[in-house]
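Down below is the structure, laid out as structure tokens.
Every chain is named by a letter (A, B, C and D) in the order it is written, and numbering of its residues begins at 1.
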Amino acid sequence: MRDDLRKNFASDNVTPACPAVMQAIADANTGNVPSYGHDDLSLTLNQRFGEVFEAEVAVFPVATGTATNSLALSAMVPPYGSVLCDQSAHINNEEGGAPEFFTQGAKLVGIPSPEGRMDPAGLAPTLQQNRSKGVLAPPFTALSITQATEWGTTYPCTTIAALSEVAHEYGLTVHMDGSRLGNAIAHLNCSPADTTWKAGIDVLSFGGTKAGAMAAEAIVFFLNDQTRPMVDSMARRIKRGGHLWSKQRFMAAQLLALLKDDLWLENCRHANAMCQRLRHGLYKHPAVNLPFATESNEIFAVLPEAQVEQLHAEGYQFYTYPTPQGVPGKLVRFVTSFYTRPEDADALLASLIS
Amino acid sequence: MRDDLRKNFASDNVTPACPAVMQAIADANTGNVPSYGHDDLSLTLNQRFGEVFEAEVAVFPVATGTATNSLALSAMVPPYGSVLCDQSAHINNEEGGAPEFFTQGAKLVGIPSPEGRMDPAGLAPTLQQNRSKGVLAPPFTALSITQATEWGTTYPCTTIAALSEVAHEYGLTVHMDGSRLGNAIAHLNCSPADTTWKAGIDVLSFGGTKAGAMAAEAIVFFLNDQTRPMVDSMARRIKRGGHLWSKQRFMAAQLLALLKDDLWLENCRHANAMCQRLRHGLYKHPAVNLPFATESNEIFAVLPEAQVEQLHAEGYQFYTYPTPQGVPGKLVRFVTSFYTRPEDADALLASLIS
Amino acid sequence: MRDDLRKNFASDNVTPACPAVMQAIADANTGNVPSYGHDDLSLTLNQRFGEVFEAEVAVFPVATGTATNSLALSAMVPPYGSVLCDQSAHINNEEGGAPEFFTQGAKLVGIPSPEGRMDPAGLAPTLQQNRSKGVLAPPFTALSITQATEWGTTYPCTTIAALSEVAHEYGLTVHMDGSRLGNAIAHLNCSPADTTWKAGIDVLSFGGTKAGAMAAEAIVFFLNDQTRPMVDSMARRIKRGGHLWSKQRFMAAQLLALLKDDLWLENCRHANAMCQRLRHGLYKHPAVNLPFATESNEIFAVLPEAQVEQLHAEGYQFYTYPTPQGVPGKLVRFVTSFYTRPEDADALLASLIS
Amino acid sequence: MRDDLRKNFASDNVTPACPAVMQAIADANTGNVPSYGHDDLSLTLNQRFGEVFEAEVAVFPVATGTATNSLALSAMVPPYGSVLCDQSAHINNEEGGAPEFFTQGAKLVGIPSPEGRMDPAGLAPTLQQNRSKGVLAPPFTALSITQATEWGTTYPCTTIAALSEVAHEYGLTVHMDGSRLGNAIAHLNCSPADTTWKAGIDVLSFGGTKAGAMAAEAIVFFLNDQTRPMVDSMARRIKRGGHLWSKQRFMAAQLLALLKDDLWLENCRHANAMCQRLRHGLYKHPAVNLPFATESNEIFAVLPEAQVEQLHAEGYQFYTYPTPQGVPGKLVRFVTSFYTRPEDADALLASLIS
């Protein structure tokens, strides 16, 4: 195996599929079966997710996180509506305008926050002001919460509950971008239910790809009076978006493999542990600053520029970010995964210290 | 293996993935590699497709045929434009409004035809009349040709060339929905180039899933002055549509496996042969009428209603269609594939005759 | 006054505003009043239209017929839905894709008919087939009826009722494009209620501009369980479409002037009478064929080409249409209006005969 | 005349039409003339605007400012693109999502600024960062500048030129929301050319309604290599948006009346003068703070809450805004217009002081 395959800390989406997922795909490759989700594997998804989340759910598998978020929002927000989210949210910055496309022009409004976590205290005034503008401003109709956040932090379940409560009061429904939900749950040591519907989440983007799938995510509707009508149009939205696989068994198989024996959580626990291993090493480094808490599988660090260059020279891959004017060094992000080994983290740290 | 897995003639999208595709997916499951199409496999697609089509091309892999068609058209037609196609076209009838969604409201106009093939003679007057309406009618900016057609027939390359010529004269670019392109090529016994860019096709939806992939199609731009600007925006359109896989190597691997040693064509030749086997049997049946030529892997037949019921009772799966008023019997469609065995076709025929 | 101002039979939209409308605009030009429809004139629209239509209504004034139709449909049909209409419908052919734009990509499907009038008998099978296609076909969610039709004919109220009944049975709501509603009512000699909500119409595009306004139409919701939720989003849709006038009093004033003492109907009765005057003259002409009934203010005639050329040479303006292959002569349309004088019609006929 | 008609300082869009505009509308009400902009008045717009702006222009009249801005942007930005503007911009906050609707989902990104004026120094880094994100972020393709701004300030022509230069360097085209352009020009005492194309503006939203029209604005393309292709699609975009008036002469007449003898500038000069009259009075008031420069016809003031209540009690109409936490009093806005008399301003001030 080439050396560089272990030096890529750019994202958890650079990983292969984990072995259990690959086996499940192979096992699903039987003869002719009904297409478009009428196969036996797809037909068990609702029940299986329902067990994991301890709730009545309607599940729609989709191949990418961008599609999952965007399709979910499209059912929650009318084209003339608006989505409130943290300013750092993936939907707001890194999905190429997909939420605007699928909602057909709804407006995303990002609230600035210090660590990627919206503050429940600021929510009501924002919603109140929007309401006061009448037809002049697209009405907020959904709140989107990213768990874990884009800065590697995690919302406590009580904060999510507080946000949801205000949102529901103002008539919004609440979406969770759970692209790294497993990492958040692993960190919080809570149940999948605790941080989702029990905290007021109506619709979840369940992330599978970063947790070990080849290409499998899921839109999960926690069934209630608000979400039931959304479910009705979902199959049409997915088909219209070109996201309905004819051979959907192959997507269902991946999700079922991840859910079996909590494999997704095991994978995420490992990824988090590898990230903490990085943190311990980085923390000791005198020239390194760690601006955020590390509560999932992403760690952000301000490194001296020379260190950044050296890592790149050694073949390491990771993202760098603009640092505020006057701050010396460079903000970088390292992401770990189920595929990261302790020796991979140690090697990175060793390179750094040398 | 369950019996019903061999009795499903509903579509060629009910099939499993063929073994070479499965192997290629497994082989691609190495360590961390760059995401979003920057992996080694994805990076060879342009060259490999270029060899197969004997042309300079830009290739964008996508998981579904609906996405392929719709994304291709979105680059060819402005939101205020219009697409001309055969009335039977898949884009016009079976894609849940995806072309309208991705083009952001362009109008599809279907021309009626007897066998799913547009007549070049009627094209110029239609385009002329559209032009004369000025701003009142969305201008035709693309022509879409389905090869093989939705009725199991195939356009001769000369007809495609004649259609393209008129379309180009009027400033349209020409799209081919090649969901079953391999079947058409196998029938015509021509080269992939002959029935595409050599006949004036600018943009091709290359079908892989029905030819043996798990979920892999490709938008193929034949590079020329008209298509080069379309290529520029394509990556953004794909991301915005939620169709950019982070682990794109797994899609590229499938396409490369199909192209290797002309596997896709071999698979399609087999499917066509199985369809001809059905035709020979059906043809002899006194109560069966075959309304269309059988030039790919789909055969349409008018069966007595009792026969239809018996087949269903035996577990056979296939689509039925409304028959024109006064015509006795029922119009049905049987679709064969790389997975159909001679004994499967024979068993169907035997059930029919008994 | 220039001669050509009386020789323009191209449309009823080439006309000036009628004197009462001009006076109403001048009268509305008082001082500062609340904008965006909160002025006193706008606030009386619901009541005034309610009196005229003998129903509880919610009225939204808009400046153009295209906006009226498209905004109305946007509230009736989801982006993934479909509108059924006559193939000749204005929304299907002459609105530059506006219905697709405002509905955000809904599909318009036109049913062919001999005289621009859909046949209630054909409706159920069409709706049934659409339903059977599931997610593959955008579901019909609205039926749009043009009254008077694009071919100058008029639906009997009973036919509208029959169409509406089938549509409602299948869960569609029913829209009327009443761009020439006044002409239809004048012909049918019925009440405004008879041919709209009493015949099952849920949402009406009320045409004012062709009946004598400067630029004033109205979306009229006949309030019921289906339309009430549509009303809720309408103000936002209008603002979002850029159709909310800040000085809306000037639009309201026009509509109120037309409704006062049935001026719109008087104007339309005059237009219809002028059209009958043309018909009487054309009918007698040995070389002229009249393919359709003349039931509003539009008459279609097949004229010898020489006649068409002569009229054009004399400065007459009117539309010509492609005639079916083999039919000699040219299909032309003459449209009369409140502004057409008997001597104008007679002059046209005289030119023709000479 | 009712007293309240003079106490409305809520906006300059609560005003009547000015007498010259009303006369022009009446004068345009001659007989049948070609519709859809082919009338004699519409046909002179390009030349007339060209004279006023000393440039070759293509002009498209539209009834509302929201439509003008949104249609202009739709020709400048692809659906997958992004518009950069000041955070306070009308397009970003008060147009009900219309820019998102007409651009079909392009993303608006607002830059915070102290007085509604973007800082040229910050532009390049913002554009650079956007570029670095590749397909993940919608690319900035247009910059929109509001002149006069939403906070009553005005950009110096040199600042506009500096912003345009950076924008052009990065491949963006530059739009000006000139809803109150006349007020800005009156304040700057420059020529219409100076603050538009001579400062790098490519496309202008020319405001007529607030300057005295009934309902008339214009999209003005300053012709160059970037804008010529935009002009080609404009008529179709306008028709598709339902914004093409059949009786367009009535819109053209308003614009021509405003341009005649610089009436629009005279109206705006008067409005500005009335605003300065208010400022002089407010400035002297010990309990009033004026947070912004007053460089057009809008003045913002922080008033004690009791004063606000009293003014409302006396029938005055004006907008109030949330004040930052801890700031006592209420932020209010007074807008003057061509219709404001000195005695109206004085009466307001008198009420305030009493």
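Everything that follows uses one rule, which is that a residue touches a chain if its C-beta (ideal position, glycine included) is under 8 Å from a C-beta of that chain, and two chains touch if they have at least 3 such contacts.
Owing to the predicted nature of the structure, the values given are computational and were not obtained by experimental measurement.
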Checklist entry - What chain is the most remote from subunit B, judged by the mean position of CA atoms in each chain? => result D
Item to check | Chain pair showing more contacts of the two, B-C and C-D | outcome: C-D
Checklist outcome for this item: Distance between the CA centroids of subunit B and subunit D (whole Å) is 50
Checklist entry - Using mean CA coordinates as chain centres, what's the subunit B-subunit C distance in Å? => result 41
Item to check | Length of the line joining the C-alpha centres of subunit C and subunit D, rounded to whole Å | outcome: 34
Checklist outcome for this item: Expected list for subunit D, residues touching two or more other chains, is 79-80, 95-97, 101, 104-105, 135-136, 138, 236, 239-240, 244
Next on the checklist: Touching residues of subunit C toward subunit A in the complex: what are they?
Outcome noted: 36, 78-80, 104-105, 135-136, 138-139, 233, 235-240, 244
Checklist outcome for this item: Interface with subunit D, subunit A side, in the complex: residues 79-80, 82, 93-97, 100-101, 103-108, 125, 129, 133, 135-138, 322
Checklist outcome for this item: Residue positions on subunit B within touch of subunit A in the complex are 1-2, 4-8, 10-11, 13-17, 22, 25-26, 29-35, 62-68, 70-71, 95-98, 101-102, 209, 214-215, 236, 239-247, 250-251, 317, 337, 339
